[in-house]
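Okay, got some structures for you below.
Across the two complexes that follow, chain A remains constant while its partner is chain B and subsequently chain C.
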Partner chain A sequence: MNRNANKAWLYLLPAIVLLGAFLIYPLVDVLIYSVEEGYNFASQTYTGVGGYNYLYVLHDPYFLQALKNTFILVIITVPLSTGIALVISTGLSSIRPLRQLYQTIYFLPYVTNTLAVGLVFMILFQRTEYTDGLVNLMLGWFGAGPVDFINGPYWAKMFVLCFYTIWVVLPFKILVLTSALASVNPDYYRAARVDGTSRTRIFFRITLPMISPMLVYLVITGFIGAFKAYGDAVALFGTDLNAAGMNTIVGYVYDMLYGDSGGYPSYASAAAIVLFAIVLTITCINLLVSRKQYRD
Partner chain B sequence: MNVKLQNLTKRFPARGKRAKQEVHAVRELSFEVPDGMLVGLLGPSGCGKTTTLNMICGLETPSEGRIFFGEEDVTDLPPELRGVGMVFQNYALYPHLTVMQNILFPLQNLKGAQRLSSQEMRRRAMEAAQLVQIEELLDRRPKELSGGQQQRVAIARALVKMPRVLLLDEPLSNLDARLRLQTREEICKIQKKTGITTLFVTHDQEEAMSISDRIVVMRAGVLMQQGVPQQVYDDPANLFVAKFLGTPPINVFAASVRGERLFLGESPVLEVPGAADQEVWAGIRPEGLVPQADGPMACQLHRVEAMGRDVSIVCRHPACQADTLRAMIGSVHQVDPASAEVRFALRPEKVFLFNKEDETRIPFAAARKGEDGAQ
Partner chain C sequence: MIRNDEFAARQRGMQRRRRAGKLVTYLGLSVWAVVVLFPFYWMVLTSLKSYGAYNAEHTPVFFTLAPTWENYRQAFTAVPLGNYLLNTLIFSVLTTAAMVVVSTLAAYAFARLRFRGRNLLFGLFLSMMMIPSELVVITNFVTITNWDLRNSFLGLILPSITSVFYIYLLKENFEQVPDELYRAAKVDGTSDLKYLWKVMIPICRPTLITITILKLIECWNSYIWPRLITDDQAYYLVSNGIQQIREEGFGRENVPAMMAAVVSISVPLILLFLTFRKKIMQGASQGGIKG
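Coming up: the complex of A and B.
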């Protein structure tokens, strides 16, 4: 029995070592950093232990801006992208000809590099000396004035960021939902047809509940992913996100560590812990809601 | 409400690159399900039974032919306007809904003038549930039910709209042997109680024979024979039907008719008045072989299986198409298992002759019982 247990630990060792070194240790370390006050990067000393770092971060206007940006991004992109993906994949699963082709096209953004996609968005939205960007050109056709999407008003920049995020996360969601839809036993639809069920009722009473586990999965991972947004903002607005007013929480953490205003691992850690707490709370709420719904 | 199929044909487009021929799932099928009867649609798998059922139900449109419910031509009506209830092979109960919600589902689809009050819906659902005796399961989910219970829920869901016709696709194939016996009686009982015209599909001849008022035998999309089960069994139209019905199956021999006598090999075994001289397939039902010391048909005894009520004798005969042939005899007959040979007399009403080319039945005037000494 004991020998068996030893053996089991031996087999678990590689995973434990790796997880410990790269997951548990950093997590604990971040927690420790976040409570060390007046930490000096060069001398590796600190003056005391307490909640000052958190107080500082929570009162930092840049952090509050990042928090606001992230929340807006999450609240807009997660429901919208999931909804759009649902519409597209429902459409995809009900057409026969060229389905493979459409699926490939919809999946392309997923295999494209973030920065390359950012470049495309530049062409769409960036104003240069020669042009106002493709979108502004089209806006012009409808008589709407040119909007500076990259350096202009806050709502325009937020629109571009949300648009971009949705566009990037869409393919994966479509992929998951199309396969979820394909796995629904067609006999349910046949049974519903015999009973004269309307299309909307079939969709809401049969299709949706059948794929709801996948929807829940997408919403949860979508929330987590959107809270961790950073690269997308950089691709669009450059590295100085604070100046653009488009920083995200992860961006703030990065800036605090390595940015121009960087060198403050304590503040960065505190911000990271705040993000961790938010994501954990939201995920727990998500799970509770979905489980309750599933039981009813 | 009788259901009438008229020259029903269903073609499916060819699949794959090589296949150019379209597939005929059902060909020129015509039969009638008389009002209030339980009819079994019987055939080997892939013979177009389910396609036929789907066309009656309205899930598939026939390529040619018409379907009538009573006087009404329903060929172009969608399923919900035909007034059919369908029970699927895997029951297709919605897994996220309770039994009650499943039964209510068809009623909630009704619109306009047909719409019922929620009280009336519940009353109707309860009625259907009582009919199949699942009142105590109403709050469960399908996955918490046994196969037999799921089947009953599926039947209740099909019946709750009070359909004109009830269709069942392989209703017993997902049940274990014991439950199958019980459920088929249950289906029969429910059908008799409601008096609803019912058509069910099966590949199990015993199942079809035991509960149907009529059976319809199909093969490769073509109607082979229809009629009262016993009648079809006693009077098969062709070799296929003779082989398909009956357990143990009929024994088939390569035989010949010479001078109105049936020869197995070189030995005459039966008088067949009225049959012309030719090579034939001779089908002899297991119960048509009667052991008799001086019987005309000699077989090599292989083994004797006592099954209580009956005794089954397995033996060999050179003309037999299968490896062994089987005779079912009452246990009053004594056969010595040690003997090498057993001789049989034939009961002429259990012997069928078939054309060697097209396998159709060759009639002969069977001698009246007792005349050949087989009784």
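Coming up: the complex of A and C.
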């Protein structure tokens, strides 16, 4: 038995060593970093312990801008993408021919490189000296004036960011909802049809309650994912997000750590912990709300 | 008789309404399909337009009559795109291979071997799934820098190997293999390692393939860690390479060549997806990597 136990630990050793070095230790370390004041990256010394790093971050206009951008992004994309995914997967599950084809097409953005395809979106939305770009051409058909979505007004940029984010996250949501819809017991539908229930009523009284656990799951993971937005913004607006005024919280963390404005792991740690606290709070609220709904 | 007519008419009306509903559904679904596919069409189209032709278009043109491969030549010669692709391939394959070995061993220990504290340790592992990577990346950056591993494959790979979720997925799968097989093997004097290799892995091959593909996709698209840890072009992965192309370009704003690079980066993944479509979609619905 003892020999067996030793063997088990041997099997687990690589995983434990790697997780310890790159997951557990950093988790403790980031807390320590965040309270070390005046940390110098080159000499690895600090001047004191306290909450100054948090105060600095919370008063940094760049951080506040990032916070605002992230919240707007979350509030717009999470409900919208979940709603669109629900509409599309309901449509998908009501058809038979071509269903596989549509499913395959819808899933494509999931397997593409966010950075690379973001460049295509940039080209489509961008307005340069040579051309107004494709999206502006289409806006022109409806008589709307050309707008520079990449270097122009704030809400134009935010629109592209939200649009691209939704484009990227939809495949996962459609996939999850389609399989949730497929797993609803068909007997309920048959019974409802015998009773002559209307389609709308069936949707709201049977379908929606049956898939609501999956919807809750999608909203929670959607919130978490959207709060960590970064790659999409980089793809559209370049690495200097502060200059574009489109930085996100995660972007702020990395800018503090590395790059032209980097070298401040203490500030980065404090910002990362603030982000974690926000995500944790929102997730708890989500869970409480959804549990309360179940009880009602 | 009248009632019968009325009934038939109502039936016909319902049928017509249902057919109209179907039509609207197909129309709506097709609209979204176009929205999804259009960026792909546009990147391929632009990559085939010549530099001069593209810049002469004040209003974008939806097709090209003179496709050219010149942009692809440009993409692979003006910037080390081939090198980026090779780096990404090496990084993805090595990381995924290491992940599969480490996860298989750990999952086997959790699923088959008895030892004290097993449930406690597994609970600990599960709770690690909640740690966001943004929190730990800061220290990892410092660690790798201190170990002098920046701009090296080891530095890129080491922190990317472990994935608690895949250990969990494999463990669940391993546990479904009947215990009798294990006891029979023990009676025959088969060693654990041999049992794992000869029995468990072949039985659980579908899951192993799924997590391998998911990890490959994840590695191919990873951006943040490689960006932090490499500033030497010789170690750039495709995501960083494309960002470099975007910012510094081909000496001048060369959109068609940029799109050629984007196509070259996207094609391997799309081929992988089309080959393993079912497996990828099944695996992704179990636990997404982007959501």
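In the analysis below, the second predicted complex is superposed on the first by the 276 of 296 C-alpha atoms of A that agree within 3 Å, B and C clash if a C-alpha of one lies under 4 Å from a C-alpha of the other, contacts with A are read in each partner's own complex, and residues count from 1 in each chain.
Just so we're on the same page, contacts are C-beta pairs under 8 Å (C-beta built on N, C-alpha and C of every residue); 3 or more make two chains touch, one makes a residue touch a chain.
Computed from a predicted model, the values in this text were never measured in an experiment.
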{"item": "Combined model on chain A: chain C and chain B, fit or clash", "value": "fit"}
{"item": "Which superposed partner A:V160 touches (first chain B, second chain C, both, neither)", "value": "neither"}
{"item": "Contacts of A:A229 with chain B and chain C, given as first, second, both or neither", "value": "neither"}
{"item": "Chain B versus chain C as contact partner of A:I123, first or second or both or neither", "value": "second"}
{"item": "Touched partner set for A:I150, first chain B, second chain C, both or neither", "value": "neither"}
{"item": "Touched partner set for A:P209, first chain B, second chain C, both or neither", "value": "first"}
{"item": "Residue contacts on chain A - larger count, chain B or chain C", "value": "C"}
{"item": "Which superposed partner A:Y188 touches (first chain B, second chain C, both, neither)", "value": "first"}
{"item": "Touched partner set for A:V57, first chain B, second chain C, both or neither", "value": "neither"}
{"item": "Minimal inter-chain CA distance - chain C and chain B, angstrom", "value": "6"}
{"item": "Those residues of chain A which chain B touches in one complex and chain C touches in the other", "value": "none"}
{"item": "Chain C - residues contacting chain A, complex", "value": "22, 25-26, 28-29, 32-33, 35-37, 39-40, 42-43, 46, 55, 57-60, 101-103, 105-106, 108-110, 113-116, 118, 121, 125, 128, 131-132, 134-143, 158-159, 161-162, 164, 167, 192, 217, 220-221, 223-224, 227-228, 238-239, 242-243, 246-247, 253, 255, 258-259, 261-262, 265-266, 269-270, 272-274, 277, 280-281, 284-285, 288, 290-291"}
{"item": "Touching residues on chain A, where the partner in the complex is chain C", "value": "1, 4-5, 7-9, 11-12, 14-15, 18-19, 21-27, 29-30, 33, 87-88, 91-92, 94-95, 98, 102-117, 119-121, 123-124, 128, 130-134, 137, 167-169, 172-173, 175-176, 179, 218, 221-222, 224-225, 228, 230-231, 234, 238-239, 250, 253-254, 257-258, 265, 268-269, 272-273, 275-276, 279"}
{"item": "For the chain A and chain B complex, residues of the former touching the latter", "value": "185, 187-188, 190-198, 201, 205-206, 209-210, 212"}
{"item": "Chain A contact footprint on chain B (complex, rising order)", "value": "57-59, 78-81, 84-86, 88-90, 92, 94-96, 105-106, 109-110, 161"}
